[in-house]
Amino acid sequence: MTESASGGFVASLRVVGHVAVHVFKESVRDRILYNLVIFAVLLIAGSYLMGQITAGQDVKIIKDLGLAATSLFGLFIAVFLGIGLVSKEVQRRSIYSLLAKPVTRPQFVLGKYAGLVLTLAVNVAVMIAAHYSVLGVMSWLESPEFRAGWEAPATDPAMLKAFFLIFVQLMLITAVALFFSTVSSAALAAALTIGLYIVGHFNADLRNFETVVDSPAAAALARGFYYVLPNLAPFDVKTAVVHAQPVPWGYIALTTAYGVAYVAALLLASIVVFSRRDFK
Amino acid sequence: MPTEKAPSARVSPPLGGLGLALAIAVLLGGALAAQTARDNRYAAWETESELLYVQSGAALTRLGLAFDDLLADLYWIRAVQHYGSTKIADEADRTYDLLYPFLDLATTLDPRFKIAYRFGAIFLTEAYPDGPGRPEQAIALLEKGVEAMPERWQYLMDIGFIHYWWVHDYEAAAEWFRTASEVDGAPWWLEPLAATTLAQGGQRGGSRLLWQQLFETSDNEWLQAEAGRRLLQLDALDALDQLGLAAQAYRDRTGDWPRTWAQLIDIGLVPFEPLDPTGTGYILVPGTGEFELSSDSLLFPLPSEPEALPDPAS
Amino acid sequence: MPAIRTEALTKEFPVGFWRKRVHRALDQLTLSVEPGEVFGFLGPNGAGKTTTLKLLLQLIFPTSGVAEILGRPAGSVDVRHRIGYLPETPYFYDNLTAEELLLYFAKLFGYAPADRRRRVDRLLDEVGIGSERRQMLRRFSKGMLQRVGVAQALVNDPEVVFLDEPMSGLDPIGRRQIRELILDLRRQGRTVFFSSHILADAESICSQAGVLVAGRLVSVGRLDEILAVERGWELVVADLSEVAQRAIGSRARRITQIALGRHALEVAPTESDQFVRDCIESGAHVVALNPLHATLEDFFLRAVQDERGNEGASSDDSRATEPPPTS
């Protein structure tokens, strides 16, 4: 009658699923998250007003703003919820009663991650809906002649590509946040994750560090960092999409593959650390 | 993924730990492979242009807070990267549009960013496809440098040089050279250079003098290399002039323009098929008496000269 | 087969800035708890009781030694199907209701939906949480959280229940409820392992007790055996001469002056007659002769004193060479 968590891959997945659903419930009711999402939606809606002020550039600005807001708020959600996943749970010691249940540590880590990705997906979906709604209204209000002057239609489905890559990037950042929260305190993990986010955007420049630095050792080090640290800038195709430049599917596929592989590595590392950890 | 823990041992005994480390390394390797494949097949998106929302360097300085220098470095790296990647790109619609903004931002954030000024001076003026061909942008950049560092006579000289070589305004060039010569510590040859420019402006000899000075006094590798290249281009122009004369002589003797090198060699006007200073052969345009630099040559394209070449047909 | 068994279970934590020194939080713990027992794991704060519990639940990993529950290694997942755990000052999830929490845990055990529902409803009734069960745990008082904690520990009908300081922070009513709960569990045939530093509560419910001081198990024994030991007699005499104080008092276990001209002598049970005679012969008057029963407190205090004495005599770092004899 009872499933055993100690046997069967399917049973194991089910446990991961329960943890994930629980994380989702917890997150969705989190007041901070709630406020962030509302704020983001308001911002997107408010961008419509902003668009009225800047002559002629309104569609572009709304698109830019919507994509940027989704990216930024997604970052906040990923960092603060991601840190809370492990650090907060360990600090508050709710983890004690959970780990006394038939949940292995790897299942715990994976379940946490899956739950947060689910939360992110829902949030991003909400923001996408807001984004397209505002643009749809805008498009409907403008005259056809005006619309013809736009580089891309207001409700251009190509923007979904940008949203998709933003989502993959958020998955990666969440995995980073999760990893750091298994190895250090909440505050430190948050700082490290945000730091890595910033560095990740300038990662490509590390490769060319030798043009500003004299020491070849430093340049070699920078190049090493370029390869190891997550490279986040390529996930950002906002400019291309807003200017109606094509984003090839191959590009999306390879970038996603990069993200997924990196996430897997981080999850594995998190599992390794977490499985050995003493909960004092 | 259940784990049975031995009573007194931790999860994952050492060998398992090694396996996991290996798995992590493999996954990271896979990620890198995907990234490399993507970078090779697709050009990077110029995401930098978003950063240029902050077009005003002054605003950026305020935003940059304590990280001005770092940001300046960053923009410098981007400038170089942008120039390099645009230069080797195939696509015809690649432009050097961002070169000036990057250099401008870098020098606004760090007004003493000497190398950025020099780089801009050279490469902003280069004609397409070696550069955007915007001497006025270079001049604007250099004027900023002069304002920040009035003791740098090199920038004044560079401005003069641009007026001379690209804008073909010899009076302005000579004026700038003269101003440069008045700066404390300026080299002795700037004043005579001003005079020569007025007298011989547009002539190859004057240009050669200018580039020679740059070549000898440059404190910078690629500046020197550039000057060296220019000098070779001038040599090539000289050689082409000589060849033009030879073709004319051939015509005088035979009544036709030469069609092949062999004709010129047989008649003794040219000892052998000539090579340009970088070792690539010149091209004889059959039946016209004209000679060209091969497009394969490293010196291609030759600079446009202020006055027309002596017409071989005359 | 013992329900809980440890053998030379040791835990060291690296301390210091460079993590070079070690602090031995638990030293060679060997004990055995039979099924159906209520084992009181006692000791002062910082003795290592919680460390022991966490080792048994594999929340932390032993440095050396063996820990087994129901014959299986302590950390194995199948064992966790059969145990329950109430942590000290439990904290769960702010944004779930009590019901949702228990349902979540029930899901982890793999119960079918109808079964889950039944269990959760029953448990919440048993611990006395009524309509509050649909409120967020964020709003729960300490006492209510404790009750939720008990409920979640019993979701799976565990054979062995671990309770870490179950009565800490509760008012006397709450304490009584927990005490009755433990007795109920015992009646149901479950094994209970609980830690406490409140001796009075432990006294009334445990069948066996172990005393942990500075990471070492200093005493372990059946409580009724300990309590059955008559400590002796207290002989209260008046006008005991100084000579007699020295002569007779030195033979007694203890002599105390309780008032001017009055002394109390603690004597072994078999010696009471002799002492009465000696005192009378010396010219004192017998005021009272009272029996003394051992309480857990005495046991505990004596063990602590013994241990502190041992510690003073041994080397300065916290390593012990051999486990002390159990009394």
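Note that the chains are named A, B and C in the order they appear, and that numbering of residues resets to 1 at the start of each chain.
Here, a contact is a pair of C-beta atoms (placed from the backbone, for glycine too) under 8 Å apart; a residue touches a chain by one contact, two chains touch by 3 or more.
Source: prediction; values computed, not measured.
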Maximum centroid distance from chain B, chain identifier (CA atoms): C
Distance-to-centre winner among chains (Cα means, whole assembly as reference): A
Length of the line joining the C-alpha centres of chain B and chain C, rounded to whole Å: 82
Chain A and chain B: spacing of chain centres that average the CA atoms, whole Å: 40
Where chain A and chain C are represented by their mean Cα positions, the distance between them in whole Å: 48
Of all residues in chain B, the ones touching two or more other chains: 2-4, 10-11
Sequence positions of chain A contacting 2 or more other chains: 5-6, 104, 276
Sequence positions of chain C contacting 2 or more other chains: 58, 61, 76-77
Chain A - residues contacting chain C, complex: 1-6, 11, 14-15, 18-19, 22, 25-26, 29-30, 92-94, 96-104, 276, 278-280
Complex contacts: residues of chain B adjacent to chain A: 1-4, 10-12, 17, 20-21, 23-24, 27-28, 30-32, 34-35, 37-39, 41-42, 44-47, 49-50, 73-74, 76-78, 80-81
Footprint of chain A on chain C - complex, ascending: 13, 54, 57-61, 76-78, 80-81, 83-87, 89-96, 100, 104-105, 107-112, 115, 149, 152-153, 162
In the complex with chain B, residue positions of chain A that touch it: 5-7, 12, 64, 104-107, 110, 202, 204-205, 208-209, 211-212, 227-228, 231, 233-234, 236-240, 248, 250-251, 254-255, 257-259, 261-262, 264-265, 268-269, 272, 275-276
